[in-house]
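Structures are listed in the sections that come next.
You will see two complexes here that share subunit A, one where it goes with subunit B and one where it goes with subunit C.
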Partner chain A sequence: MDLNPTSQDGALVLRPAGRIDHATADAFQAALQPHLEQARAGAAPVVLDMQGVDYISSVGLRVLMMAARQAHDQQGRLVVAGLTPLVKEVFEISRFNLVFEVYDDVAGALAPKGGGE
Partner chain B sequence: MPGLIALASRALRSGRGRWGALLLLALLCVPIALPYFTPFPGIGLAWFDLYQRAMPRQRLAGPVTIVEIDAESLRTLGQWPWPRTRLARLIERIGKHGARAIGIDIVMPEPDQTSPEALLGRLDEPPSAVVDALAAMPRNDSVLTETIKRHPVVLGAAGFDAAAPSTTVGLRTWPLVRGGELIGAALRHYPYALVSLPPFQAAASGQGLLSVDLERGVLRRVPLVSTVGAAMVPAFSLELVRVAIEASPIEVETRAGEVAALRVGELRVPAQPSGEAWIHFSRSTPDRYVSALGVLSDRVQSNWFKDKIVIIALTGLGLVDYKTTPLGEYVPGVEAHAQLIESFFDGRHLQRPAWLPAAEAAAFALLAAVLIWAVPVMRRYLAVFLWLALSILVCAIGFGAFAWSGLLVDAANMLIALFLVFASLIAAALAQADHDRRASQQSLRAAREAAARVAGELEAARRIQLGILPRSEASFAGEARFELAAAIEPARAVGGDLYDFFMLDSRHLFLHVADVSGKGLPASLLMAITKVLMKSIALRAAGASEGLLTQANVEISRDNPESHFVTAFAAVLDVDQGELRYWTAGHDTPFVLDAGSACQLDRSGSGPPLSVLPDYRYPQQRHRLAPGSLLVLFTDGVSEAEDPAGGQYGKERLLRCLTRLPPDTSAQAALAAIHADVTRFVAGAPASDDLTLVVLRWLGSRRD
Partner chain C sequence: MKIRFWGTRGSIPIALTAPAIRAKIVAALAGTAGRTLDSPQAIERYVDEELSFDIRGTFGGHSSCVELAAGAEPIIFDFGSGARPLGQSMLERHGGAAQTYHVFMSHVHWDHIMGFPFFAPVYIPGNRIVIHGCHAVLEQAFRRQQAAPSFPVDFSQLAARIEFDLLVPGKRYRIAGVDVTPKLQRHEGDSYGYRIEAQGRCVVYSTDSEHKVDDIDERQAFIEFFRGADVVIFDAMYALADAISVKADWGHSSNIVGVELCQAAGVRRLCMYHHEPAYDDARIAAVLQETRRFEEITRSGARLEVVSAYDGLELDV
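Moving on, here comes the complex of A and B:
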């Protein structure tokens, strides 16, 4: 899975696309893993821009949770932004908005603290 | 026996066959290097014949003329034996035309039976005139003796291994000079000899041995010097040369007690250590022969005898003394002597020196080492080419050495030895391939067995997983306050979904559904743990189960190294009052169908899935059920079931399905209707997630 990494205001922005489910979760995890070391103490947050993601299953949520744990262990931040309605509902049902900082868009994620949901 | 074969196979394959081939190399080097031994003698001789056939000697000088007493001479002049006066006349004619030496390839051990005095003895009462006349005539043998005296005649003698009529143990020899210590045992030895009468020997200028030994029916080499009794005797051919060039005695040149060469005047003929010489034959040609009849009738051409070595031989008596040459020709025995003399003068000597076998062994070892190094790491067909190339190289060396210096290289034995080494390497490679094939078959079988074992274990796990879930129809027989129906379909053999329900006490029903993230064995193990944990916590807390999910979350978070999480919905229903208390952990809340309208339970108090935030406190929520209403618990295997095109079933469809249900539908019928609706939507597409449905119908208050 190609995450299209770009740099915006000094922050790493990753843009996964398509469905993140049992078929693609392993590829998503493999693609995400090398970027996670960017989530360090004092560094800008790593932003997962989810605009291109149509659907995420519980398997995909597990990948996100493990990534969040690693970022947390490194005292860094991994945030999500731009959830599509279906993904947003999954986040709400699963209460992953308690696990992640969720922003409407990348700009919101990079704005000074307090721009979250 | 199979153990022995396996052992042999392992020995053959060790070091890719290199160890076996090296051992073979070492074993084969020994017989090749031995000077008087060849491992495959017949093949070696045949190979030498091949050299001669490919490259017969080119006849340069023609120093020898053979006067043959052929069939025509016998027919015209009378049958054999001729009177020796006629032989004397023949010698006279040859001598008169300037022959340098005259060899007689005829042994005359007895007196002439046609001599006058012999005839007289045979006549019965002859007339006195005849007696007088015969008595006045000279004896034939005396005539021949005189003739032999006047000419440079060399007599032939034959060596015998056993005594026979007319054989003797002694003969007249002209002394040979030894150029050093000679161990006589190496020479060909004849205990007996057949020789001409002593007067002839006394009159002759020389005497040599005619005898040759055939090897496998073919005349290949001639002893240049041998012993008869205690005397060293030169070969007939060598003696003729000595007499022809009026040389001092023949000298035997020795090296380390063995014969190295023979010298006659300026001529040096290299010999085998046993005193033998290999003959390089040229093609048989009639040029060498003249008929005795022509000579006796004085039809002599000037070039026949002038300064030549002439041999008188009998060829007309059928096939008495015919021999096969390496060229495959069938020639009179005399031709061997003639050809040998030719090759002396042409300086064409075939040799197999004592150092040659060692050189052959070294060359073989080198080439075999190349094979041993290269074959195990080469493609099979390239290895065959390499072997062929080396074999051709050996042949080229053999033919080259023969052509250039008359060296008889035993290429055949080298080729065979090289082939044996090559064959052992190929055999090792084949054994290895066979071994690998067996090994791969074995590992394939092992893999299949392992897969079958795992499948069996998964099947067992599935039975256990489904077995630990309660069966609704068996659980609440005779229960009038509610109905329960449940179904589960794992997407894989074992799944991560679960449901459970049981009475906490006579009034409180506990029920829950949960979904472990992930599929297969790891998820199903966590599912089993979750089920046990939830039940034990629920039973411990009994009616006061406020911290139900909070406690479960702490326990699951503690022992979850794989970072799976569990979404769960748990509820306790007061089956008398319809009061529902529930907790949600990242799970979609159930639908409630009441009097034809359906809605989802409020999820505002929902927390994250279990094992995500270990310290999270899950709040309790409440809902009061109306009598006859349905509570539909589900996992995302229902809401996210997919059709073949990838579209999702979705909660909207579930909602519509519920609202279409007729009033007073039982829990079982409602479950069947939802299940059928999902199945119809999925239309055979493979399920990606476990599907779990639990339907509760509360029938109303008993005490109302």
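Moving on, here comes the complex of A and C:
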């Protein structure tokens, strides 16, 4: 899976696309893993811009959880932005909105303060 | 077949408190403004048709106990505290006539056996109670629960004939007129689900079962276990975010995984069960609405009906 990495305001922005489910979660995890080292103390957060993600299932959410945990262990941050309405609902129903930093868009994720929900 | 739920709460029984009941009454009365409720019929219609279940009722507080009426001999899943009202109901239905009961045990943790000493049929001579399960410690757990100093009546004093039947997971049995297949589940000390097939219908009882969402083999095994079931009674105790983080390895699952597995298995009805004891009625009702919405937005085939079990719920299968 190509995460189309770019740099914005000094932060790494990753843009997964399509469905993240049992068919694609392993590829998503493999693609995400090399970028996680950039989530470290003092660095800008690694941002997952999810505008292109149509759907994320439980196993995809688990990949996010594990990645966020690794970032936290490294004193860094992994945040998500740009959730489509459907994915936003999945986050809310699964309560991932309570354990993840969720922002309306990448700019909000990189703003000095807040913008999150 | 008919399913009757006698205990649906997870881990420990709970009781409604006076403040909680008062809050329900206040909410109910608040909705009467401008209505003419001048007869018992009008009041009942208002309660039944205008009030939501979490206001007019309760999901209940007894721990796990489910009755399946599929033939002449009653089938029961687990002996949680719901076994007490079930026992009273059995006496009302059968009077003093000797009866054989078949009980399938998910496991022998406290909340699943605590109702047994209060299940009145165990004190009536002539009754036969066959306790089926896959744990080698099955009999020991029941005997130990009633040993001094924990209970005043020792197991040896029970008047009914109590039998223990050790089953092998994955093997199909013919018991009480139904086909039963136990399945090993992930839970501390192991637990077992039961797939019941009879009269062309299928009910799966699967509680105290944690699902590791990244375990592909386990996922596929449960899809096969649930395949085509009319009803799956599913441990949906936690939100997914909790189940795979702070409550990982606590031995329970989530509404999200319940929907995903049941959709993949072509199940007709998901019945969420083993409710978190910290949740009040409003919270469980909200989880039910959210789960129905999740099913709707993830549906790719036939609709999966989602219900939430409550003490007193009856489902025709």
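Operating definition for what follows: the second predicted complex is superposed on the first by the 117 of 117 C-alpha atoms of A that agree within 3 Å, B and C clash if a C-alpha of one lies under 4 Å from a C-alpha of the other, contacts with A are read in each partner's own complex, and residues count from 1 in each chain.
One rule holds for everything that comes next: a contact is a pair of C-beta atoms (placed from the backbone, for glycine too) under 8 Å apart; a residue touches a chain by one contact, two chains touch by 3 or more.
Computed from a predicted model, the values in this text were never measured in an experiment.
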Worksheet entry | Clash-or-fit label for the pair subunit B, subunit C on subunit A | clash
Discussion item. Quick check for you: in the superposed arrangement, does A:Asp104 touch first (subunit B), second (subunit C), both or neither?
Written reply: neither
Discussion item. One more residue to check, A:Ser58. First (subunit B), second (subunit C), both or neither?
Written reply: both
Worksheet item: A:His22 contacts which: subunit B (first), subunit C (second), both, neither?
Response: both
Item to complete: Could you look at A:Asp73 and tell me whether it touches subunit B, subunit C, both or neither (first, second, both, neither)?
Response: neither
Fill in: First, second, both or neither for A:Ser94, with subunit B first and subunit C second
both
Fill in: Candidates 24-32, 132-140, 150-158 or 186-194 of subunit C: the single one with C-alpha clashes against subunit B
186-194
Worksheet item: Of all the subunit A residues, which ones make contact with subunit B and with subunit C?
Response: 22, 55, 57-59, 61-62, 65, 69, 93-96, 98-99
Practice prompt. Please give the residue numbers of subunit A that touch subunit B in the complex, ascending.
Written response: 21-23, 55, 57-59, 61-62, 65-66, 69, 93-96, 98-99
Fill in: Residue ranges of subunit A in contact with subunit C within the complex
22, 25, 55, 57-59, 61-62, 65, 69, 86, 89-90, 92-96, 98-99
Item to complete: Using the touch rule from the top, collect the residues of subunit C that touch subunit A in their complex.
Response: 213-214, 216, 219, 239-242, 244-245, 254-257, 260, 290-291, 293-294, 297-298
Response to the item:
The subunit B residues in contact with subunit A across the complex are 515, 517-519, 563-565, 567, 585-588, 603, 606-609, 612-613, 616, 636, 640, 648, 688-689
